[in-house]
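Only one structure is covered here, and it is reproduced in the block below.
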Amino acid sequence: MFRNQYDGDATTWSPQGRLHQVEYALEAIKQGSATVGIVSSTHAVLVALKRNAEELSSYQKKLIRIDDHLGIAIAGLAPDARILSNYMKQEATSSKTLFSRPIPVRRLLNRVAEKAQLNTQEYGKRPYGVGFLVIGYDETGPHLLEFQPSGLVLEYLGTSMGSRSQSARTYLERNFNTFPTASREELILSALRALRDTLTKEQELTEDNVSISVVGKDEKYTLYDQANTKEWLEKLGERGPAAARASRTTAEEPSAPTAEAILDSADAMETE
Amino acid sequence: MFRNQYDGDATTWSPQGRLHQVEYALEAIKQGSATVGIVSSTHAVLVALKRNAEELSSYQKKLIRIDDHLGIAIAGLAPDARILSNYMKQEATSSKTLFSRPIPVRRLLNRVAEKAQLNTQEYGKRPYGVGFLVIGYDETGPHLLEFQPSGLVLEYLGTSMGSRSQSARTYLERNFNTFPTASREELILSALRALRDTLTKEQELTEDNVSISVVGKDEKYTLYDQANTKEWLEKLGERGPAAARASRTTAEEPSAPTAEAILDSADAMETE
Amino acid sequence: MFRNQYDGDATTWSPQGRLHQVEYALEAIKQGSATVGIVSSTHAVLVALKRNAEELSSYQKKLIRIDDHLGIAIAGLAPDARILSNYMKQEATSSKTLFSRPIPVRRLLNRVAEKAQLNTQEYGKRPYGVGFLVIGYDETGPHLLEFQPSGLVLEYLGTSMGSRSQSARTYLERNFNTFPTASREELILSALRALRDTLTKEQELTEDNVSISVVGKDEKYTLYDQANTKEWLEKLGERGPAAARASRTTAEEPSAPTAEAILDSADAMETE
Amino acid sequence: MFRNQYDGDATTWSPQGRLHQVEYALEAIKQGSATVGIVSSTHAVLVALKRNAEELSSYQKKLIRIDDHLGIAIAGLAPDARILSNYMKQEATSSKTLFSRPIPVRRLLNRVAEKAQLNTQEYGKRPYGVGFLVIGYDETGPHLLEFQPSGLVLEYLGTSMGSRSQSARTYLERNFNTFPTASREELILSALRALRDTLTKEQELTEDNVSISVVGKDEKYTLYDQANTKEWLEKLGERGPAAARASRTTAEEPSAPTAEAILDSADAMETE
Amino acid sequence: MFRNQYDGDATTWSPQGRLHQVEYALEAIKQGSATVGIVSSTHAVLVALKRNAEELSSYQKKLIRIDDHLGIAIAGLAPDARILSNYMKQEATSSKTLFSRPIPVRRLLNRVAEKAQLNTQEYGKRPYGVGFLVIGYDETGPHLLEFQPSGLVLEYLGTSMGSRSQSARTYLERNFNTFPTASREELILSALRALRDTLTKEQELTEDNVSISVVGKDEKYTLYDQANTKEWLEKLGERGPAAARASRTTAEEPSAPTAEAILDSADAMETE
Amino acid sequence: MFRNQYDGDATTWSPQGRLHQVEYALEAIKQGSATVGIVSSTHAVLVALKRNAEELSSYQKKLIRIDDHLGIAIAGLAPDARILSNYMKQEATSSKTLFSRPIPVRRLLNRVAEKAQLNTQEYGKRPYGVGFLVIGYDETGPHLLEFQPSGLVLEYLGTSMGSRSQSARTYLERNFNTFPTASREELILSALRALRDTLTKEQELTEDNVSISVVGKDEKYTLYDQANTKEWLEKLGERGPAAARASRTTAEEPSAPTAEAILDSADAMETE
Amino acid sequence: MFRNQYDGDATTWSPQGRLHQVEYALEAIKQGSATVGIVSSTHAVLVALKRNAEELSSYQKKLIRIDDHLGIAIAGLAPDARILSNYMKQEATSSKTLFSRPIPVRRLLNRVAEKAQLNTQEYGKRPYGVGFLVIGYDETGPHLLEFQPSGLVLEYLGTSMGSRSQSARTYLERNFNTFPTASREELILSALRALRDTLTKEQELTEDNVSISVVGKDEKYTLYDQANTKEWLEKLGERGPAAARASRTTAEEPSAPTAEAILDSADAMETE
């Protein structure tokens, strides 16, 4: 009803010491589909809910491998995510070349956070409209971090980002005492349960819309996508994509695998 | 009735986390003439409806060859399409020179998408006013992708863009289970049927206003334009341009082929 | 009555996906004097109506030779036309030097269109206020194209631009079926008849206000101006300038040729 | 009463396709003192009315020599005139050095016009506030041209610029048929008569306020200023400055010549 | 109710000679959690209250080591703190390399203050949203300084910054006469007591939320964090984190140490 | 009462063809203290009234030597005068070095005027707030010129600038016929009389507030300041500073000379 | 009540020829604490009143040594003072290196004034918010000058700047006739008396809040600060800091010297 006079520009402070444009950018993140991360003393896990823009479009990639020891989940504007994830890949590669070892997780996060901070302090740019959950494993063990476009980096035992993520956080807070000592499998299933809590009544977890990634002690970044998620959904007691889709239209199932095979090669964030 | 206070600039977030100028640019795409794309496990097809600004002007080129393995359909501002399609041609050429193989389809799309994203994050530019449907064939098989000026890239089994494209999408969703295993001919005819569904009562598909392109396994980018579309329109059961035009003015038919021959050399996007 | 909020800047999209500043620039073109172009299978012809700012000023040049195989008619701001036509001459010369052959017509048009498009996408510039009709002859035969400051390039069998050009377009649409096979002379006379249709009751075509240019198979760019237009006006059945002017002031005729001879050397767009 | 919304910036089009800031700059020219130019088949002449800011200030220089074959009359802001006339002198000198011949008149005009056009198309500059009448003699004979800050260049048989110039133009239009064959003397006297028609009842032409310049076949740029204008004013039947001033204050006449001699060395546009 | 007309820009003076944007940036500092600093004639001490964004997130690092002889406490925007603290580390390192001795405390402060001042005097940037308390030991002894984003640097015997810091300042002012001669232990305990005065009724000092750093004569920068703060809290008579947390949820305590161990490696400001 | 819409920017034309910001800058000049200049056929003279900001501040320097043959009087902002007078000194020096002769007076004026004109045509600068009266002697004799921040340069027999200068101009217009043949002494006294006419009832000319400079045939730039003006004031019949000040406070006179001696070394515009 | 339309920008003239932003910057100076300067024929003296932001903060340094022969007192924004005083130190050093003699006082002032003037003439910067009183001794003797952020430099026999400085100026005007011949001691005491006149009823001069600097014939820049001011305060009849503070809290005196010793090393403007 009343125009805020200080929210047109990322370089303008409000009288209350706030940067409204930076806060508005966070709204774009809240509208992304949900993603959940948990860390134990040996592993870190990300699970995410994928969306497709239309019935015939591929599901948007939510989990991106940055390096053997590090991956991210994105929430917000996919084009902004591409810019920043590519930057992270380049930094990881260049660090490996220079120092002959994987880049420490937090160091990489600080790099991308510095880049993002610049867009909150120079006129004529806008804050990025994307946030990341990051899992990684380095000399200090497994990590789960959150990156925000303000340049903020936070470390978590477990957290969730995106649409309806509060429900997942509630699950995590109730169960977090089991995470540090949880096995790899327990960790993945806990993450999926938290993710399941973000669903609406009409939704369910399926091979189509779930992605899972793990990194840990003696385990490089591993992605479970499409059919590969089946084993986890079964352990969770969820139906696979065939069953899910069957509830909509039974006739199309026979050819779906082939169609899926085509889409399976999609890599929304590929670069060299 | 009420001025939106956050829509004057591509670098300003609305309090809801939206970039209105980017959304407005999409409106320019919706006003373009319709185009339809479908992909099978072996081929990818684009068909498009061409318009002419005046009765005596040539029909605007809608399908553009980027490389032997890749072509696009455009919807939106033709001058913006020229800039971006030329950029894609240069990238394709330079990649072939450097790596001695065709550029992977999604990699090229990511390149042009990064270029487009910049215009949504730097003050003093505007988002491009054009979208693409892209077909291509590379080591991972045939692909159908959509490029949006926000920098978004989506993969599809089948989709449509431009004016009245919802009707085409409805057709595609009803029939998509036949696409993965469809033959090259079936694929083209399905695409034409979907395109036909976007026509108004006064319109029909003719040799003048239809363009068809195919790429696939063992088939380089092939374009059917003007007279060459005749075989496909006949298979579809549509009348050719002579018949179509005859309904307007019968006297001009004899000389039309010659006139068409002149226009046929038009190449709205030629570059070197 | 109501200020459009999105029309102050060429880099701002309206909510309807329009660029108002680009559209406003087209208004400058509509106020230029009329010009008409027609193409046959062998020749392309431009005719134009010249204006003089005052009774004693020379008539503004409307037809400009770019190269032996290519010429343009301008409508809109003459200073903007100078910038762009000089650019075209430079491109034509440089292409001839580099490739030892005349620049293909559409390629040159795309070059100038890319230059014009930039002014619709960078803050702090304005779209050019001039449009061109272009005739040219290259390896693909004769061409008639239209250039708009948006960067749009269209090909035509026949068209008209500038003040009251709708009347000329109506003539062209009624007679276009005769153009492809028309002789050089028939083509010129058709163009002049179309141009004549744009005149007000008080105006007539005279040696002073008509310019004619032709290019074609085995014919380099040829310009008929001033006295040289006499033969064409007589074939058309129009009076020459002496007669025309006589209706205003009879005494001045004897010395007019000399006066004209002075002005005849005027070349509004000369460059080196 | 109502703010025009499109006139704050030279790079903004009005919905009617006008550039208001460019038009406003022309108003500065209309407020300059009058100048008249005429061209015959052998000579070109400029005459101008000089003003002095105060009784004791020198009269502002109105006619400026650019080169042996070319001179200008200015109307509008003198500082802007200095910038542009210096630019013209530099271009003339550099052309003579490069090509060993005087720069063609229109070519030089096009150069300065291109410079002026830039200020109508780049944000952060303003259109120049000065116009020129230009006389010159080159291989194509004598010329009279007008330069406007929009970048427009027009050729004339005779014209006038500045305050109350319409009266001079009326004189010229009534007598223009005599100009082409007029002798050098007749041409100068015609120009002075036209200039005299721009005077108010209180004004008269005097040695103080008149300047005359001629260029032509076998005649380099010649300037008549101060006492040198006496012969022409006498032929015209005008009184000289002594008589003119006498009507105001008789006592000062004896010493005036000396005073004038001091001022005579003034060269408002001198550069090296 | 009434818009201040001079507060939109850090480079605009108000009629009262104030820079409102600089003042607004200070508000961001006031919202940071509290930190307290005291200096004796031999040591300088910083203590700070850490916050965590969520129950499962790590506590935000408040004390940062810059060099062996120098550390800071931050209040305000963490991403801005990262930029400036990294700058300080670089300056400290580069000074040590060049001059083979630690950089004097105030000199380093002046460097970062000059950097911050620039953002208050150049359009298009914003003042940093972070303040520092700084402790250091150099040739002139121990120091406690405050850095503000205006570029102001102040020296103190004791002070406090951040939320509810007025209560701490009151404590310090009442007890400051004991500081100069206080022992290292007394100094730390005084600082903790001042910090405790900033707590709300619901808060208490715990191993989780307290950080302590000391630097002094013969003592390099020393940090007490997490479990290491236990001895100090006990001396102060405060409960440790287990007890603190127990008041919320008793069940989680057993696994908490492990979870903490993971988070312990977090270093919000690490760079190389 | 009514905001002028076209006066916020030196690069915006008003609909009447005016540059309001340039006109506003002239107001700063009108508020400067008065200065008077006269030229004879052998000499040029400047006299000026100095002000002091407070009773104990030195009088602001009004007359500045640029070179042996050239000096200026300033009216308006002293800091702007410093920039421009330093520029003139540099140009004078560099010209002398290059061409081994003093720079012609008008040439130097044109240089500084071109510099000033730029600030009226580029966005983001402001017109200078200072004007000059200039005296000089070169190959064409003695000169008196006026420089305005618009870039205008005018030549005068005699003129005045600054506060209440109209009274001086009236004196000059009544007596100008005696100037050309006046002796050096008569010229100085005439200038002082004109300056005296600008005084208010409370003011009188004193050694403190008068400065006199002369340049001419066989006379390099000569400055009479402080005590040196005494002879001229006596010839004029004015009281010296002692008498003048005595009317305010008699006690301070004895020590005043010493105080003055200190201030006498002040050189408000010194540069190297 | 009524927005001034011309005060948002240092590069905008008001219709009255004023630069409001420059005037607003002076307000920041008026809010600084008072400083007083006096010059005799042999010495120049500055005295200043220091403030502390809080009870436990050090007093802000007001007097800064620039070189052996030159020092300043600051009033206004301390961070702006740091930038400009560092600039002056660099200029002084570099001049000494180049010319092997101390930089003349006024020359250095003109340098910093030129730097400050730029910020009043380029868009996107702001005028500095600090003024200086300057004392120096060079070949022309002792000097007292004032620097304002407009770029104005004034010379004085005696003056005062900052809060309530009018009272000091009144003292100086009443006694200035004694200054030129005053001894060094008399000069310092006169300055202190003038400073004392600026105090409110609650204030008094103490060792804590007074600083004194002197420069003169055969005397390098000398600073009296803290305990060193005691002798002067006693001569003036003022109480020292112990007494002053005792009125607030008697208990703290014994340890105060130590505390002060710590703060004494503070050098708010130190640079290398």
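Residue numbering begins at 1 within each chain, and the chains themselves are lettered A, B, C, D, E, F and G in the order written.
One rule holds for everything that comes next: contacts are C-beta pairs under 8 Å (C-beta built on N, C-alpha and C of every residue); 3 or more make two chains touch, one makes a residue touch a chain.
Only a predicted model underlies this, so the values are computations on that prediction, with no experimental measurement involved.
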Inset, instruction - Show which chains lie in contact with chain D and also with chain G. - result: F
Inset, instruction - Superimpose the Cα atoms of chain E on the matching ones in chain G and note the rotation angle, 0 to 180, in steps of 5 degrees. - result: 50
Legend entry - Interface sides of chain F and chain G: same vs different residues, half threshold: different
Legend entry - Chain centre separation (chain A, chain G; CA means) in Å: 58
Inset, instruction - State, to the nearest whole Å, the distance from the C-alpha centre of chain A to the C-alpha centre of chain B. - result: 32
Inset, instruction - Could you give the separation in Å between the centres of chain C and chain F, each centre being the mean of its C-alpha atoms? - result: 58
Legend entry - chain D residues counted as touching two or more neighbouring chains: 123-124
Inset, instruction - Counting only chain pairs that touch, give me the topology of the graph as line, ring, star, complete or other. - result: ring
Inset, instruction - Could you walk the ring starting from chain F, turning first toward chain G, and list the chains encountered? - result: F, G, E, A, B, C, D
Legend entry - Residues on chain C engaged by chain B in the complex (per definition of touch): 5-6, 10-19, 39, 41, 104, 106-107, 110, 113-114, 116-117, 120-124, 140-143, 146, 150-159, 169, 172-173, 176-181
Legend entry - List of chain A residues in touch with chain B within their complex: 3-4, 7-9, 20-21, 24-31, 53-58, 60, 77-80, 82-83, 86, 119, 123-129, 251-252, 254-256, 258-259, 261-263, 265-272
